[in-house]
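Structure, as structure tokens:
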Amino acid sequence: MLKPAKRFNCDLMQFLSNVLTDIRSNRFLNIITIMTIALSILLVSVFMLFFENTGRVLSAWKQGGRAMVYLNDSFTPAMLPNVKEQLISTGSIEKMVFIPKTQALERLKREIGSKTQFLSTLQENPLPDAIEITMTTHSSFDRLQKAANQIEALDIVDTIEYGQGWLGRFFKLFNLFKMTGYAMSGLFLMIALFITANTVRLTFYARQTEVEIMRLVGATDRFIKTPFYVEGLLQGFLGGVLGIAILLTGYLTLSSGISQNLGAYVYLDIHFLSWPAVAIILSSSTFLGWFGCFISLKQILRPCPVK
Amino acid sequence: MLKPAKRFNCDLMQFLSNVLTDIRSNRFLNIITIMTIALSILLVSVFMLFFENTGRVLSAWKQGGRAMVYLNDSFTPAMLPNVKEQLISTGSIEKMVFIPKTQALERLKREIGSKTQFLSTLQENPLPDAIEITMTTHSSFDRLQKAANQIEALDIVDTIEYGQGWLGRFFKLFNLFKMTGYAMSGLFLMIALFITANTVRLTFYARQTEVEIMRLVGATDRFIKTPFYVEGLLQGFLGGVLGIAILLTGYLTLSSGISQNLGAYVYLDIHFLSWPAVAIILSSSTFLGWFGCFISLKQILRPCPVK
Amino acid sequence: MSTNRGKANIIRLFNVTKRYGGKLALNNITLDIEPGEFIFISGPSGAGKSTLLKILYLAERVSEGQIVIDGINLARISSQRLPFLRRRFGMVFQDFKLIPNRTVFENVALVLKVAGKNPSYIKKKVMHVLRVTGMEKKANHLPPTLSGGEQQRVAVARAVVGEPSIILADEPTGSLDSESARRVLNLLLGYHQNGATILIASHNIAQMDCFSRGRNISLEDGKLKRISTILC
Amino acid sequence: MSTNRGKANIIRLFNVTKRYGGKLALNNITLDIEPGEFIFISGPSGAGKSTLLKILYLAERVSEGQIVIDGINLARISSQRLPFLRRRFGMVFQDFKLIPNRTVFENVALVLKVAGKNPSYIKKKVMHVLRVTGMEKKANHLPPTLSGGEQQRVAVARAVVGEPSIILADEPTGSLDSESARRVLNLLLGYHQNGATILIASHNIAQMDCFSRGRNISLEDGKLKRISTILC
């Protein structure tokens, strides 16, 4: 009863040793394939890193998009909790700060400048009470606009000011940037795919003799394919690891440089790729190796016997 | 006396026919090389296009960075041309608009709101005269700061306000974005270089027999190399043309799509690569083909005779 | 001459023609071969000897006509079954067709690996045929580092290692000195005595030693010129 | 035996040894060859015949010893001058070494192109040697579509097309029927009569016809076993 298991072990051992022999005897081809995959992966992941971080910085700006809700004359401080509740019920609000009109006047004085004393001569405060609200990040401009309209419709609210022009433009541009970024990620991924497939096809071209001879001595397509696929998956995975390693090295070098030189002026929250992103990249690269094999084997192992 | 010229013509004709024979007999390898070069070029040029246009959009925002120069009480409208001249002499100024204090007051009234009538009861205008200036685009934040200091030092100027905090952050970030963009362009170019060189090396690997046999029948290294180089330059050039053609197609499709969908909200001044950029790309791709050959030939044509 | 003797024919060709472009490499060949026969295919350079062996091995498809091997019509063989059919043959190619980046041992062992034999059997069997062909010491060498005759002996070893019932040998002693050639021919004779059908293509039949029961098929310019029995 | 007869020796080997790893492919060979000699190199498979021709052609470097060809010490040849030295030789490789993706014509013409001959001369000359070797009709074929013997004749044609003063032929008739072999040998004899020095390696000297003035150098296991004069 032990025989089948032993047989399987032997087969597996032999199979692995075959793959290793293959890899050894085609070292040059393997190195080139792995390097190409690594570079393709580096390319895509550098862009992803760049795009993710630029996106994060820009959204921090977007977060700066605040709105001022000016309350009308019927407002008294006692109504504040009630008003805040009404505002919260519209959604899209992250933070609220009540600015009483006395405080607003002081701010105005500061803004107009110390030279001009005229405001201190006023008998009555001409400014309205206001609430400064910060919008949630993830909201689109359309949602923001809708929320603003809801708020403006409240009885207690006089007007709402939220940089209709400026913020709208920024939102549209940011979305365009994001779309372009995704499109480019996709394009780069496809380029990487093509280039890798091409490289693998070239290495197969150089190994065509080998495949032909194997077919001639009676190897089934499966017998020929399997080691190639294992090799392809391995190459893809190794290429991915190498690509990420290069990226990480570059990232660590650069980010320490940036924080040293710019840290004093700008607070930049630059992150490396998240673990899920790394996982995605590694599986993509493994897929890349596999896919290159798939394309090439399709081409070489045509149904008709080759000479 | 005609003989040398004829000889040369024949040689050239024969040489070109040799190259054509080469290209024909290695069609598969050539196609793969050209495709790889085209994709690498596409990659780099897509990024350049993206980066150039993002840069342009961002600079348009930067242009919004305006400063207010508040003049002191000793100013009279008659001094205006003189003051303007003084400002211009500091450089960095693109546009100036004089805002007399009467106009400023009206603006303030509008800003504070129609509900509050108190400003109309003022006897005296408490605001200073001011000049709104627009900074030139190409100036760095440091230069801007220096100019502002110069302006503030003028006798007639009270203070200058130019969004020291906000604008500074924007400038730093914009510069960081630009630097990263250049670094990535460089990186992508290097990746393209490596990948192309690798591909060419692989095609040479497949043609090693050919090179070996040529050496064995007494071909000099130069005889072997020259057609390879011509082929490489040709491949590089064709790859570049193909890459730009794909880019242009994609650009035309996308940009018409964008202007249809977003044109109403955002004015986006998206340009294709300039002629010099196209020229640079084409020469880079030609160089790429040449460089791949150079690397590969170095490896194959070692001084020692191969078996 | 009756071609239907006691045993059923193992190889039958009906009006087989092979065309390369306009060139007729085989021109309307009809032929029957019994199991256990020893056949020489002779003819000048370019006569179609290699082509004949290649179409039997299905390394090339015929342009016209039918081939039946052991009751199987080759025209009806699917590409899935093709490898299994080939395993019943042992073929020595004229240009050897060894894998350059695998050792002699691996090249020969491939035939058995492909057939799913177990490693210890493979090792024993491969070393045995390498010993018989005198290539034992070169087991770990790569084919390009072997001399012409050595490569040829590896090709022979690979053809016989699977103990095929039909051996097709294209010029199997062309690069060998008479001593090595005799060893190779004796090896093939041994398989013949064990019942294998053997076809040897050679430009120079005079070189070959005499065997008890052989037929000589003489080709010229793709046509079957003469079938004669060799009697020494 | 005096090796210094009338003419200066064109090829001289002093204690030449060629080692591959531990294996001695040539073991301390000393040999003198006069211009215009016709030499047979014989020996069993793996004796070192091909190796001897390869080191003369500088396709391999010797491990020890000196080779002087026409007064030039091969050890001192720079890689710049190597191609020019090779153009004085014509070599038929045992495995032909034809460029697979160039036509027969282009393969043969390459030798003359490399030497900078003009196209009309090349065309005339190449077609001439192809005619002599019987390969005229295959001029536009690619080598992999040729039969073994046809490839060999192309290899011979390439070796002689440059009218070299020394012809090194490794088993040049091994894949040929007797008729084609005779044509090839006659071709080589013609060059011999015009003064070329000719070295032919063959595992089977008995196959060769008799020539007026030949020497047989017999190798075994890398060692020089015997030098004998052939007289029919």
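The first chain written gets the first letter, and so on, giving A, B, C and D; residue counts start at 1 in each chain.
One rule holds for everything that comes next: contacts are C-beta pairs under 8 Å (C-beta built on N, C-alpha and C of every residue); 3 or more make two chains touch, one makes a residue touch a chain.
Molecules present, by chain and UniProt name: C, D = Cell division ATP-binding protein FtsE.
Keep in mind that what you see is a predicted model, and the values were worked out from it rather than measured.
Of all chains, the one whose CA centroid is most distant from that of chain D is A. Computed centre separation for the pair chain B/chain D is 61 angstrom, with centres defined by C-alpha atoms.
The geometric centre of chain A is 23 Å away from that of chain B, both derived from CA atoms. If each chain is reduced to the centroid of its CA atoms, chain B and chain C end up 66 Å from each other. Averaged C-alpha coordinates put the centre of chain C at 31 Å from the centre of chain D. In chain D, no residue reaches two or more other chains under the touch definition.
For chain B, residues touching at least two other chains, in rising order: 307. If you sketch which chains touch which, the chains form one closed loop in which each chain touches exactly two neighbours. Screening every pair of chains for touch gives A-B, A-C, B-D, C-D.
By the touch rule above, chain A contacts chain B in their complex via residues 28-29, 32, 35-36, 39-40, 42-43, 46-47, 50, 54, 57, 70, 73, 108, 112-113, 115-119, 122, 124, 126-128, 158, 168-169, 172-173, 176-177, 180, 183-184, 187-188, 191, 194-195, 198-199, 201-203, 205-206, 250, 254, 258, 262, 265-266, 268.
Put simply, chain D touches chain C in their complex at residues 20, 43-46, 49-50, 94-95, 145, 147-150, 153, 170-171, 174-180, 203-204, 206. Contacts from chain A toward chain C in the complex involve residues 7, 10, 14, 18, 21, 25-26, 209-210, 212-221, 223, 303-305, 307. The touching residues of chain D, counted against chain B in their complex, run 57-61, 79-80, 82-84, 86-87, 91, 93, 97-102, 106, 110-111, 113-115, 118-119, 158, 162.
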